[in-house]
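Questions regarding the structure given below will be posed in turn.
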Amino acid sequence: MKVSARNVFKGKITALVDGAVNAEVELTTASGDTIVAIITEGSVKSLGLAVGKEAVAYVKAPWVMVLVGDADVRFSARNQFAGKVTSLTKGGVNAEVGIELPGGTVIHAVITNEAVLELGLKQGVAATALIKASHVILGVPA
Amino acid sequence: MKVSARNVFKGKITALVDGAVNAEVELTTASGDTIVAIITEGSVKSLGLAVGKEAVAYVKAPWVMVLVGDADVRFSARNQFAGKVTSLTKGGVNAEVGIELPGGTVIHAVITNEAVLELGLKQGVAATALIKASHVILGVPA
Amino acid sequence: MKVSARNVFKGKITALVDGAVNAEVELTTASGDTIVAIITEGSVKSLGLAVGKEAVAYVKAPWVMVLVGDADVRFSARNQFAGKVTSLTKGGVNAEVGIELPGGTVIHAVITNEAVLELGLKQGVAATALIKASHVILGVPA
């Protein structure tokens, strides 16, 4: 199976907090990256999610926010990945940016061309990818 | 009134689960498609949502994830629509894909051109559209 | 620090409702615009959010839905901003639309070119921007 999501994290569930409607699930990859997802309790049950089980997290590129410069703001987005820009493709309105993390994982973001200009994004520039936990889709081997 | 969201589902509410902050609402269309939305309890009250009431679900095209091939992964995304690709428009970075469901409904997704290549998307290919419940906006007749 | 999100609201927290996993946070800007965010309780604690504290809300342009015409539908989206189209940039698949609010704030949305045609969007047209509370990222000064 192949998915359109540009960002795929394979790993194991390392934390799971239940709520009335939603649950918060933390997944840790082999390279040590952790990503937090908010999913419905219905999905927790139907997927049989539990700490220690294998899972995959999917994030579409337009859901990734990019920031550069000093960390003078702290964010609610639970997932923050610091790295360097390694690819940049511009379209008419949007651009796709690749941010490589220290462990080699590349996060892909689709942002507007205006944002690319404002942030001064180009190969080698340090940048951080932010992903809201509620924007992460989880999967488990069928 | 017209909306920019490419995906619009008209139907009736067939389930509603309350939580402390969020509620899970299931809507079933006349053609039998069901779509689940996570919205705030504040919206449930202000819209007067209840089982049996008419409602409309809206989903923007960039919020739709597309997958092809054998279902060797099960997903947390509550909304999964299997169909066939019936349209494909490419831009500089993104492409818009139309996936027609057996009942005739067409789901529109905006994904990257890279994803179109990787998934081998073209007219007639079987594909599934995934939509997270938290990405669905609900409306009711005013 | 610079962010790729096209929509940035600076203000103070004017309401905060706690849940088991998520919290609902309302921020009011100096110009009187209010925006509601759904974030995890983990973020509420780590950011030290409380009524009266300064905060910034970020919304990426693809998360904004645009509507025009009579309000014959009421929406679950907690954030609805009525204004006029002041800018429009078309790409191959997507377009970026700027909607200026009465107080001068401009909301940016990325929608498909098809939606631009269907809605008849052009400079001066009245339009409303809808943003789901779960699509808002909050930040606080570090």
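Just so it is clear, A, B and C label the chains in written order, and each chain counts residues from 1 on its own.
Keep in mind that, in the parts below, contacts are C-beta pairs under 8 Å (C-beta built on N, C-alpha and C of every residue); 3 or more make two chains touch, one makes a residue touch a chain.
Note that the structure is a prediction, hence the values are computed from the model and not measured.
Visitor: Tell me the fewest steps from chain B to chain C, where a step is a jump to a chain it touches.
Guide: Step count on the best path from chain B to chain C: 1.
Visitor: In terms of residue numbering, is the interface formed by chain A and chain B classified as same (over half shared) or different (under half shared)?
Guide: Homomeric contact, different residues on each side for the most part.
Visitor: Cα superposition of chain A onto chain C: how big is the rotation, rounded to the nearest 5°?
Guide: 120
Visitor: Please compute the C-alpha centroid of chain A, do the same for chain B, then give the distance between them in whole Å.
Guide: 21
Visitor: Listing for chain B: what residues touch at least two other chains?
Guide: 19-22, 38, 62, 91-94, 110, 134
Visitor: Could you please specify the touching residues of chain A with respect to chain C in the complex?
Guide: Touch list, chain A to chain C: 17-24, 36, 38, 62-63, 65-78, 91-94, 109-112, 114-116, 118-120, 130, 132-134.
Visitor: Going by the contact rule at the top, pick out the chain A residues touching chain B in the complex.
Guide: It is residues 1-6, 19-22, 37-40, 42-44, 46-47, 56, 58, 60-62, 89-96, 108, 110, 134-135, 137-142 of chain A that touch chain B.
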